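Next up, some structures in structure tokens.
Both complexes below contain chain A, partnered by chain B and then by chain C.
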Partner chain A sequence: MARFIARRVVQLILVLLSVTFIAFGALNFLGDPLVNIVGPLAAIDYCDEVEAGLREDSYTSINNSRGDCEIIGEAKADFGLDKPVIQRYFTWLGNIITGDLGTSFQTQLPVSEIIAQKLPKSLMLMVMAQIIALAVAIPVGVYSAYRAGRAVDRATSVASFGLLSIPNFAFGVIVLQFFALRNQWLPASFDDTSIGTRIHSLILPATVLGLGIAATYQRLLRTDLLTTLQEDFVHMARAKGMTDRHIMTRHALRPSLFSLITVFGVSTGALIGGSLVIEGIFSIPGIGSEIVTAVVRDDFPVVLGSVVVIATGFVVINFFVDLLYTWLDPRVRAS
Partner chain B sequence: MGDPQLTVEDLYVRFPTSRGTVEAVNGVNFTLEKGQMLGIVGESGSGKSVTAKTLMNLLPRTAEVDGNITFEGDDVRAVAKERRKHFWGVKMTMVFQDPMTSLNPVKRCGEQITETLRYHLGDDKATARKKAIDLLEQVGVPEPAKRVDQYPHELSGGLRQRVVIAMALACEPSLLIADEPTTAVDVTVQKRLLDLLDGLRRDRGMSMILITHDLGVARGRCDDVAVMYGGRLVERAPTETLFADSRHPYTEALLRTIPRIDQPSHTRLEPIAGRPPELIDPAEECAFAPRCRYAQPDCLGTIPPVGGVRGQHEFACFHPANTERGRQALDANLAAGQTVTGLQIQANAGVN
Partner chain C sequence: MTNSVAFTTVVDDIDDEALDDAVKKRLGFGFWVAISWIGLVSLAALLAPWLPIADPNEIANGAPRDGILGDNFMGTDALGRDVFARTIWGARISLGVGFLGILLGIVVGGAIGIAAGYFKGLTDQVISFVVFSLLSFPSLVLALLITASLNRSFLTVAMTLGIVGIAPISRLARATTIQFAEREFVQAARVIGAKSRRIIIKELLPNVLVPMGALTLLGMGISIVAEGGLAFLGLSVEGEAISWGKSIVDGSQTRDLNQNSHVAFVPIFAMFLTVMALNFAGDRIREYTDVRETAF
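Up next is the complex of A and B:
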């Protein structure tokens, strides 16, 4: 067990190093934070030309007492952008290790504070969505496998494919329109007043997300169950006179959960920062929308901080999924 | 002797498929007396496993079943709802071919035994566990107290099949159907398992149906042997009669495929020529005719009905082996060098 955890920690470190390195590089090559900090002059060769004596530093755009290039240069130094990318990456990495995620270029707030504020909302949405997904998919999957080919199975197949084909934003808008705007059954936007209002206002978005994943889970579980139901031990259990319910839940379900929990792990990771469309539709100030804003504005520290959090979440969740495998199948334990 | 414990009358089982209807079982009749052991012998696709599954109510929903099955006064195909709950698994139960797959890999062996005890007999956890250990001991599992907490993958094939047997016997059924119980285990373990089953059966006065493709397995253990071919019962007789004086050409051919200790060593075993019969929409003829050395024109016109001495030695053949009619048919075919179906036969084959 100790070795298992140690391996996972090493894996986490490797994942974080490569993910942040790629993110860091991509951000720096594709965008320039200075443009958003001091204005469009930072993006063109203006200062290079001033330095080369090709033109004069005019006193126009931002502050008429000092030259623009002077200001841009100051900003560069303030935000550490005057150093080479590699050096900045390692500086950033060093800070991360000491627990400092940096400060936002835009708001000047510490990144850790921004994440602490946004992440819980996204996590809550994700957890609620997964609970709804499992609560729907497992019973429906079991029943549709039990009655494969019958009316209920066909109906759920159609419903599943429907849910799989409809994009989140379309489904979200329909649900919002019907349940929150036309009939005021549930709130249309996030309400941060208390834990109760938070849960209450997340019901709709979590249902939209959850049903989408539930459709995938249901298909996987149904297929795996149909395979398991062909197994001799299922016939044996029937020959022993066990009830259908007992056979489905106590014999067939557990060995049929592998695909489902694999996808569960992957989708949980993806949902941590990936539910931005739903966050947008239901006005949830979560980490997903925060990342989009930060990327658009080249707010590197916020983007990188979020990447670290999400990648860590991904690896940690899949660590637990691997633990689940060993719980599900004693043969895995032995190897 | 009174009513037999199990009566199967005119059993038909069909599976509609996209290629046509598979006629898996075609009018099978047999009875089983209490405490007797019946062997059902046949090759793959002969309908023996489907017959067993019909008895156990294990057929897929698509199967079309017709006929009467009576077991200890109950109509097996229409057991009353409140009796259904504790019918299969309690009164009759089944052991499958492959012990590697007939145990649930994610449940402890003990739990797979106790779940029946708890459900059918309402035993509490501790009682059921004690009984499970006792059962494992009875089927010859060493260190039973340790085994109940082990998972199937921790046991060898032979031990697993013993666990399966213990599982099947937990509720003391009066009929055990064993579907090729030793096919998947080591030859050295086979005999021990069969002897174990036979011993347990005698101790408990339990009836048993032993399904096998190996006549040798049936010999010496079964009271009666029924031979199935193409979904029909082609011969049925007390075991020794069947071995000494078989009537159906298929039985005779099967006997030639097993080595015998009274033959000189290196005696050639004779394979049965041809392929197993087509079960999808079969022709109205004797299913064995294309492979039969005795085949005559009348074999192709109608399906031979089951004749012989009812309850003693029954067989379904117009030209039975070891009879005058059979000898004439065989001599005629040998003279022609082939049968009516075009099967090439040689004079030296099989005539002692």
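Up next is the complex of A and C:
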């Protein structure tokens, strides 16, 4: 087991390196890196004219104390744009590891501070969504496997097929319209007053996200349960005269959860993407909303910082899901 | 679902109808309904400039915020633009980026997947590692990363959706290639001295293409949804271009959604039906060609 974990940790580190490199590469190879670092300012190519003495350096920049060209010059030096990409990558990586994700062009606040402020709201949304997903998928999955082929099972297959086909933003818009605007049953936007209002105002978005993954979970659990129900120990339990309820919940459920656990990690990815979008629809001031604002304002450090944090989180979650899975099912370890 | 039917028979009563379908492996009525809908939407998208519909970008084509049963068929949005015309024109971009995206994903992803599965060794390790890294990004985050610093034209958005598809597609292509690479007919070809290129094109490609067929439809659905997700992040095709995603975003401002919800609901409905049709048709083809079930 120790060797297995060690191998996985090495793999984790390699993947984290490559994930951050891809993110960094997007900053450097797509578009103009200088624009991405300094902001739209750098796109103005009048600096050459300033140097040639054709015009004066203007002071339209963010803090009004230095000329635009001065800032651009500083950025060029700071970020060492004349140095090779690999060298710049490791400098940047070093900064990230020490918690320096850069500074927002717009607010001049450190990106790490912005993320620390926004991330908890997104995390709360995602945790609530997972709880709702499991709370719906497990009972429904168990019942539909128990009565496979009957009316309830067919109805749930149709429902989960529909849920898998409706984009989460479309579902979100419909739910928002019906439950929050037409009928004011639940709040339409985030309320930060207390923990209670926070949970209350996250019910709708979390349900939208949760039901989407619940459909995947339910399908997997149903299929796995149907396989488990063929096993001898289930027939044995039945022969001993155990109740169906006892067999389903005490004997069959646990060995049928493996696929669900594997997909738990993957679904977190879908959940992250979903929450980026859903946050905008339900006015939740989380990472997703922050990215949308940052994209509109060309605030690249915020976009990149958020992406790095999200991707890292995703990789780490999958790492732990992997370990958990191996711990639960020793057969995986052997191979 | 062939499997689940078989299990059902032991756990529960025998379901004759489902069993029949499974044995005879028909595509079924639903499949043709789904394909017809996809065909109809594609046709409308292709022919949009010649259809007798309003100019989708004409402001005050009708009274602003006209209801779905008003003078304009399916009403107008806050600027008085015709919702029906905008939905048809939206199909052009949504289906267009969806189709081009998945095409790119399948060509590139398929090629590197086959290469990894066939050549094995270092090629496989390098490709698999890159693919694994790409899969470490939630797909919308990867798309966001690519589009955020680019000019967002039709082609860049389609390309982005394609890049996002490469990793999962190449994984499937690799798995399928490995399945076939050691089969007798491939070994036979190798024994008679066929070159790698010939083996890949003549022996492996036709077999790998079978699951790809279902994947084209499923992946196109995913790409169409991904365009919508990008639209909500403000990262879909720029400018006046209309897509379903952008139309839904337009219609989901609180005031519009409250009083004039059809502006969002008409494109949502179009997208939902199309994605469902693509999923359904894709699923049926997958079952029909009897490829091993994947979890997602």
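By our rule, the second predicted complex is superposed on the first by the 239 of 335 C-alpha atoms of A that agree within 3 Å, B and C clash if a C-alpha of one lies under 4 Å from a C-alpha of the other, contacts with A are read in each partner's own complex, and residues count from 1 in each chain.
Everything below uses one rule, namely that a contact is a pair of C-beta atoms (placed from the backbone, for glycine too) under 8 Å apart; a residue touches a chain by one contact, two chains touch by 3 or more.
Just so it is clear, the structure is predicted and the values come from calculations on it, not from any experiment.
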| field | Most chain A residues touched (candidates chain B, chain C) | value | C
| task | In the overlay, answer first, second, both or neither for which of chain B and chain C A:Met236 touches. | result | first
| field | chain B versus chain C as contact partner of A:Lys83, first or second or both or neither | value | neither
| Thinking of the overlay built on chain A, is A:Arg245 touched by chain B (first), by chain C (second), by both, or by neither? | neither
| task | Check the residue A:Arg7 against both partner chains and state whether it touches chain B (first), chain C (second), both, or neither. | result | neither
| Given the touch rule stated above, what does A:Thr216 touch, chain B (first), chain C (second), both, or neither? | second
| request: Based on the superposed arrangement, let me know which partner A:Ile272 touches: chain B (first), chain C (second), both, or neither? | output: second
| query | Once the shared chain is lined up, is A:Phe161 touching chain B (first), chain C (second), both, or neither of them? | reply | second
| said: Quick one: is A:Ile174 in contact with chain B, with chain C, with both, or with neither? Answer first, second, both or neither. | reply: second
| message | Considering only the defined contacts, which chain A positions touch chain B in the complex? | response | 231-233, 235-243, 246, 250-251, 254-255, 328-331, 334
| List of chain A residues in touch with chain C within their complex | 14-15, 18-19, 22-23, 26-27, 30-31, 35-36, 145, 147-150, 161-162, 164-167, 169-170, 173-174, 176-177, 181-182, 188, 216, 220, 222-223, 226-227, 229-230, 259, 262-263, 266, 268-270, 272-274, 276-277, 280-281, 288, 291-292, 295-296, 300, 303-304, 307, 310-311, 314-315, 318
| query | In the complex of these two chains, what residues of chain B are touching chain A? | reply | 56-58, 85-90, 93-94, 96-98, 101-107, 115-116, 119-120, 151, 153-154, 164, 167-168, 170-171
| query | For chain C, which residues are in contact with chain A within the complex? | reply | 3-4, 7-8, 10-13, 15, 18, 129-130, 132-134, 136-141, 144-146, 148-150, 221, 225, 228-229, 232-235, 248, 251-252, 254, 257-258, 261, 264-265, 268, 271-272, 275-276, 279-280, 295-296
